[in-house]
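Some structures to go through are shown next.
One chain, subunit A, links the two complexes that follow: it is found with subunit B in the first and with subunit C in the second.
Let's look at the complex of A and B:
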């Protein structure tokens, strides 16, 4: 068991090895991308190299997960929570890159640097998962967001794309300002940005009723609310998801949400753990509003991408239930949920990549009678829809994901009956649109004037088969999977005493 | 430290620059001409720089002028002129009356929030003793106390910022690059 003393640059580098591998690799790929003349083949090569870089990073992350050492209190954590989030983020990135290669062959919207931008966004997400300092949380969010602003606007010929990208950029900048103001106020109240130090100071100096801290926490909640697209901070999501290229939308809906929730949970459970009485009610209200609004408006959508956008808002509500539980069990339920949600979302968007033609949105009309023309595509879509719904057996791990969140809510120190009831009821409501998609695919006739569905490109097929298989197979062994994910959380609240007694920051503050 | 203990000179300048900064900020958001708005923003930046100097943060005050009022605003004006956005008549005012009311409401909320914050008392242990900053500056200058934490305690944040800037540049290039349809093989 290595011990990382984060005040030494060498140890800091070692503890950040997977992140640095991804960042450094992305820069090398950037040079390679601009070295050659732009061509479809070159772009494909860069895409493949990016996938391999992610696989290598995944290897490094898994190595760290199994050989994780102790770290001193510092800007980053090296616990299993971080590495489990990294695994989910990297799986999502690989899927998004794979879909991106195929989508570009078809639409020709992207340049070779696009893949690099996605890698940079992913390294920002990995930093968010690792961050134990509000400054690193903020920089991770910014690194992710700045890359995604550009990715969302890739499709510049499309008016919807431009509108969505601009909305995302403006609201993203606005929410960043709110988040930063919150961070500044928390720093003003506690004199530190370290998550654990904030917790210590709040307890020691009894800052619980300090207006600086309370307003700071409220602003942080609003800022994170924007980033995870919870109601009432969700207005941007449907337009942005609708206008962005399909692989980017999948990436935003699943992977960005994973990273945002990871940072959200860590800040809330590490820094404001003692204040749970203060923030719990607010998070629970957000969760209820998000579940109800996301699922009911989802019912009205006929554009499949918009429907999935509202579905992703609804899932943010389910994930907020896990945060509101405020326990380690809630944290592990959240990780498991994020894994299931990422797999199902990328699968569903792989189907959309196959079905989409040009700039026209994919509607439920395009799905009707898919069973008669492309049975396997319809079956795969059905699996993803059932997984998102949380249907037993055929929905694979989707069911267990909801089940564990429910369990975490009910077994929290203060059982969350209202949240659990809302979760179950809104899940029933969500069946209205998930099952509608399945009904349309299997029971409606294929419209006579519909064009033939294009053959599934290789990488998209790979994503569909891999996600569907993972959903179904992991659904057979949920206990093993969960036991594995639970490994990821117990260290979240536990701290290794610093190797050196006084970190430099505290010394600087006292003199 | 209460206001009574501060010299009148100091108090006067804090209020003077604070007031000018606020008026300039209001002008900045209400002007229709982008160039005029940008110049009001420059004025706000200058006043903030003066406030930083009054707070014993001379280095940050200088940086504020050099980086924000200087470099960034010049680039800003260049962009406005290059894109030929400088004519207010060509810009439709997209801000309807409800948006203005909403903005005013948010402004009032922020103001009341600031008023609440002025009531906040920091715990004694977090407040630096009086004259500590002046003593530090006398001992090692205004920049060294900033450089130490920046390159030691906040090294990681400093380095990540450079990656962030790289991502912003790559994003701008990706968006700016023209690519024709049907390029794919």
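Let's look at the complex of A and C:
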């Protein structure tokens, strides 16, 4: 049981070891990437090296997760929540890199730096998961966002890609500015950027009704609202998702959302815990609006990527329900949901990678009768769709994710019946588009003039098999994972080094 | 027999084995169908292996389940053949299975009809046979799971599990409007069941042990004995469960998915829908909705509304059947009428009416199942379901005609067939509590005679005036072998239903007693609800 004293640089470094490993590794890989001339083989090599780097980081994260030390108060956390988020982020990154290798091949992209950009973005996300200080949150968001701006515009020859990238950059910069302004106002009101100190001062100085703090919170909510693409701050998402290369879209839809929600939840639960009465209604309204709008507009989409974009907006709504619960159960449910959502999203995008041809969008037409031509591809896609729908057994873990969020909502101090019912009813609406995909794949004939589907490349197949297997197995035996996410809640309050009382404290906080 | 079964531990392993066998079978069937090239697999012979493997699997399943008939002790009302293991301890979900008299009969009906359904698909399903039989097997596991589950979480999972295979069976192997019908079926069922999920979570949290640190408890018995709800909460929760089950039954205003799904489904799909899946709705009322929320379900307003809807369903279903030009649709609407009887029997709440409702559930499964089989057989020969397209085929297909007449009589409820026993008991039982409703419902028996006999007359006995009807082949041996057991059951239950009634009696009595005792002292109940 190591004890990290965060005021010592050495201990701070040790507590940040996985993040630093990824960042440092990314730098080395960047040098390696530009060392050689661009070629398909070099791109694959760098991609493979990036995956190994992520695996190594994952190992470090798991080590930290199992051998958690005690940490003094400081700008970063070393709790299970952070490491669980890291695990989900790294799994997502590995999937995105694997898909990226194949998609680069398919598109004829030979720039090896794409993989490195993804690694840098992921290290930003890990920083967001660790942050206990608004400045670190901001640092993480910037590190992530800047890399993703570049990734979104990767497809230089595509008009839609350029449009999406520019939109993402402008709106991203705009939302970051709002977030920063919110941080400044909160700092102005409380005189600190540390999350726990903010909480302390709000309580001690009774700042609950301070307009400066309230405006600051509102701006922070808007800023995070943009990052997690909640309605009404979602306008950028469909265009950006549609224009970006497939693996990047999956990465944005799942992994970026994971990190943004992690930071969102920690800030809200830790800094503004006492103000739950103030923000709860706002977050609940956001959740309802996001669920309703995301799912309803999703019904109208025929372009599969745009459909998944709206689906990802809808899922942001479901996740906001977990945030609105404002409890430790909400945090556990959110982690579990993010894991399920990440698996299903990467699986679905792996199928899109296989079906994509050139720059043309994949429409539901392209899926018609897929079952007759590539049965296992269709079955895998059906599993992902049912997982996103939240259907038991066939959708595996997806059902437990929804169920966990529902449970958290109903178990909150004040049971969130309205949120639970909205979640359920909008889920039925979402069946409209998820089932539509299944319907065209299985019940429509294959059009006579359609080209044969290209064989599935190796890495893509790896992603598909791994995600589908994880979804189905965890859909029957979720208990082990649940135990981790139950423990994986953010540790609130002042961090006390003593050893003996710690487990009891943690248990008391969890329930 | 019972001693032998107990000596091999039958009681302990039978329920999980009945669930596992179809799933293993489904995997085996999928493997056996590898390499099929598509197209008409019956003609190319590629269907031979999957379909015979599946039928063996269903046969074995049925044989195993028949032992329950003897192993079940009719003298007690508790759960039998109980099987209980931890599933997801962190959420308090357990894998608990068990039977009472009601679910025993439903399990037997399921394994029996599924075996016949797989035989009945022998030549009517020609494409993608391996996937078809695998889905049929998974569907069986889901339905059996619903009947056996004693844990509400497990119940919900099983309830949803059976939805997907049926969706695919209707949507892939169905008729012209199959896509519309399957989507409608899916969405209707899902709206109801997801609200039920919210209700289940609420109950699970309400039943949690305060010492167990927030882990919910979904055990049926625990919820039944520990949860006492305030009247308004109970009413809302009952509403959530009611919607899930009323869609499935289907009760009158929620029935519109049924004609579409029944008509578009392939023969075996219609048989399964009618014979078993509709019973899941009424089973849900018997097992969950009414015993868990007796104060809400039996409050005068709600009870009156449900009884009225049931009677409307009985009469409306019969009247609509009268004007159907499509024989399959006619039978589909007659299901609305028959299931109305079940609802009437349950909510009239006398031991007799509940027993009658249970009998109707079994009888409707047999008779309507047989009718759908017959429609499927004649459809395979003539490719039309329109009554007007036939006429006078009694001379051409004598065996078919004899069986059709016989099954129709049983569906009408002629004394001496099974149909009589059930509806008579329901009417008798409900007459004691609701005489007017019973009288109105009785008229539908007459209408039933009208629509079925009229349809039979137009199909079989009118002049043979269409040349394409002159050379229709009669039933073959497989089809006769498939129908014979159903006919035997129809006669057996019509003449000597006592063994079945005896096994269901304790459960029916238990149901009525449970609801009445929980209803009886409203003052103490609400006091405890605080």
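Odds and ends about this structure:
Here, the second predicted complex is superposed on the first by the 490 of 511 C-alpha atoms of A that agree within 3 Å, B and C clash if a C-alpha of one lies under 4 Å from a C-alpha of the other, contacts with A are read in each partner's own complex, and residues count from 1 in each chain.
Going forward, a residue touches a chain if its C-beta (ideal position, glycine included) is under 8 Å from a C-beta of that chain, and two chains touch if they have at least 3 such contacts.
The shown structure was predicted, so the numbers you read here are calculated from the model rather than taken from an experiment.
In the superposition on chain A, A:406 contacts subunit C only, with no contact to subunit B.
Contacts of A:41 after superposition on the shared chain: subunit B is touched, whereas subunit C is not. Residue contacts after overlaying the shared chain place A:392 against subunit C, while subunit B stays out of touching range. Looking at the shared chain after the overlay, A:479 reaches subunit C, while subunit B stays out of its contact range. Looking at the shared chain after the overlay, A:445 reaches neither subunit B nor subunit C.
Shared-chain residue A:427: touches subunit C; no touch with subunit B.
Of the two partner chains, subunit C is the only one touched by A:372; subunit B is not.
More subunit A residues lie in contact with B than with the other chain of the pair subunit B and subunit C.
Within subunit A, not a single residue is touched by subunit B in the first complex and by subunit C in the second.
The touching residues of subunit C, when paired with subunit A in their complex, are 38, 87-91, 156-157, 160-161, 164, 167-168, 171-172, 178-179, 182-183, 186-187, 190-191, 194-195, 197-198, 201-202, 205, 213-214, 216. Against subunit C, in their complex, subunit A makes its touches with residues 329, 372, 386, 391-394, 399, 403, 406-407, 410-411, 415, 417, 420-421, 424-425, 427-428, 431-432, 435, 439, 442-444, 478-479, 482-483, 486, 507, 511. Interface residues of subunit B facing subunit A in the complex, by the touch rule stated above, are 113, 116-117, 119-120, 122-123, 125-126, 148-149, 152-157, 160-161, 163-164, 166-168, 170-175, 177, 179-185.
Within the complex, the subunit A residues that touch subunit B are 9, 12, 16, 23, 27, 30, 38-41, 75-76, 104-111, 113-114, 116-117, 120-121, 123-124, 127, 133, 135-136, 139-140, 142-143, 146-147, 149-151, 153-154, 156-157, 185, 188-191, 201, 205, 207, 210-212, 215, 503-505, 508-509.
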